[in-house]
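Sharing a structure with you now.
Chain naming follows the written order as A, B, C and D, and within any one chain the residues start at number 1.
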Amino acid sequence: MAPSPENILNLDIQVPNQTRYLRLVGNIAQLVAKEIEAVAGDRDALAYHLNLVLTEAVTNAIQYGSGSHAEGKIRIFLSYENSDLCVRVYDHGAGFDLESVSAPDDAALSERGRGLFFIRSLMDTVEYRKTECGNVLEMKKRVA
Amino acid sequence: MAPSPENILNLDIQVPNQTRYLRLVGNIAQLVAKEIEAVAGDRDALAYHLNLVLTEAVTNAIQYGSGSHAEGKIRIFLSYENSDLCVRVYDHGAGFDLESVSAPDDAALSERGRGLFFIRSLMDTVEYRKTECGNVLEMKKRVA
Amino acid sequence: MKIVTERRGGKTVLSLKEERLDAHNSGELKERISKLFEEGGRDIIVDLHEVEFIDSSGLGALLSGHKNAAQRSAGFALAGLQPRVKSMFELTRLQRVFEIYPDLCEALTG
Amino acid sequence: MKIVTERRGGKTVLSLKEERLDAHNSGELKERISKLFEEGGRDIIVDLHEVEFIDSSGLGALLSGHKNAAQRSAGFALAGLQPRVKSMFELTRLQRVFEIYPDLCEALTG
């Protein structure tokens, strides 16, 4: 199908870099997922997954990404266009090499390291790069 | 209290100009209200009121404000800073004179004309003006 | 919009199965009510107990039903308003206009 | 975070009264569990039936309890996982690590 303007949603959100706002951000993502027309599969599953992915990415931005440019805020960008979901979470920390982060070792029972695992498992593509607005973790998923 | 960055929330939302997105926009406003720290009074009442105000303003933008610049989208801006809530809804129609809209006549039992009445009753200040980004209905409320 | 229509005790009950009554579905509600009157409906009760949110267009749709009933000297009542929904009737002073019952049971016997 | 702690049938039950278990409250849960073990707790059940959402930090807090119990040869079980919450254990293969019961009743007798 050709892109139609009816299918375009954009959200640009800024919240304080505090974990108490994770719920707000996650729940907004959940509402968006529930409103998406095209979802062929389980709409509630997508809602949970998007909530989780945003929660994990924003948690990382709060924990590792609050450098001097942070001004105490986290910026999140969420868009849906023609069946493509795109989520971006910005941070102002030192950055990291996404490719070098491997899946958690099942045997080790580590208490950490499952955030990016969830993100990679639930989204189609994940990228991390430096931009003029800070580092950005970009996560995409086709939901048609 | 002095403004603290911890209290700053910003949401910039674009949705298709269709009534089916009223629920999404209203529910997002409701989530924001529930997350606001400073609410002294009834947090659930504020959540309903903010949901209603956004619903009414976006309905008007869809019904009266879809001019040639509209591109089929409605833009909503929501911010909370230092106990001040500010909501802006943009439209691209011919505009109107807000001051000339009077309260509904109780005796007439008109089916219309209660949208701006709700907005005025539930917010502290309401303004409508032309800007470079289109007409904007700006509604403010102090929630401390 | 999801509406369940039933005959109960000689009256027609419309139960709204929606959390929101807003400009997206109020037009349809208005049509449904007006069609019932056209088809000879004499006593209509709208059960709102599942409705958590109502806006000005929702109030407008219900007012349309009220006026329609008045013209035909028919009955039109509302039942099961949640507190927040009720407060919107109060703010617009429409609680004095409508026949409002706490719940469907009282609307059927009242 | 809201947690109700009770002794039942010789075990300690922690009922989480939160819809979300995420980085905002998982640190506190971890502390609470670890304190219970320090105070001599032998059999801990975490009742998750009100939890609708869990993230990786929530799983981490529970894993910390599990490892703590293993070190002390104490019991540590989970009960009442909602389907979505359960699927997060499955995705991370942690359902094989934890002792998981459908509900609190089975956890107490199991």
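To be clear about the criterion, contacts are C-beta pairs under 8 Å (C-beta built on N, C-alpha and C of every residue); 3 or more make two chains touch, one makes a residue touch a chain.
Worth saying up front: this structure is predicted, and the values here are computed from it rather than measured.
Ranked by how far their CA centres sit from the centre of chain B, the chains are topped by D.
Rounded to whole angstrom, the centroid-to-centroid distance between chain A and chain C, based on C-alpha atoms, equals 42 Å. The distance from the centre of chain A to the centre of chain B, each centre being the mean of the chain's C-alpha atoms, comes to 27 Å. Shared contact sites, meaning residues of chain D that touch two or more other chains, are absent. Shared interface positions of chain A, i.e. residues touching 2 or more other chains, are given as 20, 23.
Contacting chain pairs in the structure are A-B, A-D, B-C.
Every residue of chain C that touches chain B in the complex is listed here, in rising order: 20, 22-24, 53, 55-57, 59-61, 63-64, 66-67, 84, 88, 91-93, 97.
By the touch criterion stated above, chain A contacts chain D in their complex at residues 19-20, 22-23, 26, 44-45, 48, 51-52, 55-56, 59, 62-63, 104, 106, 109-115, 117-118, 121. Those residues of chain B that touch chain A in the complex are listed here as 5-16, 18, 20-21, 23-24, 27-28, 31-32, 35, 71-73.
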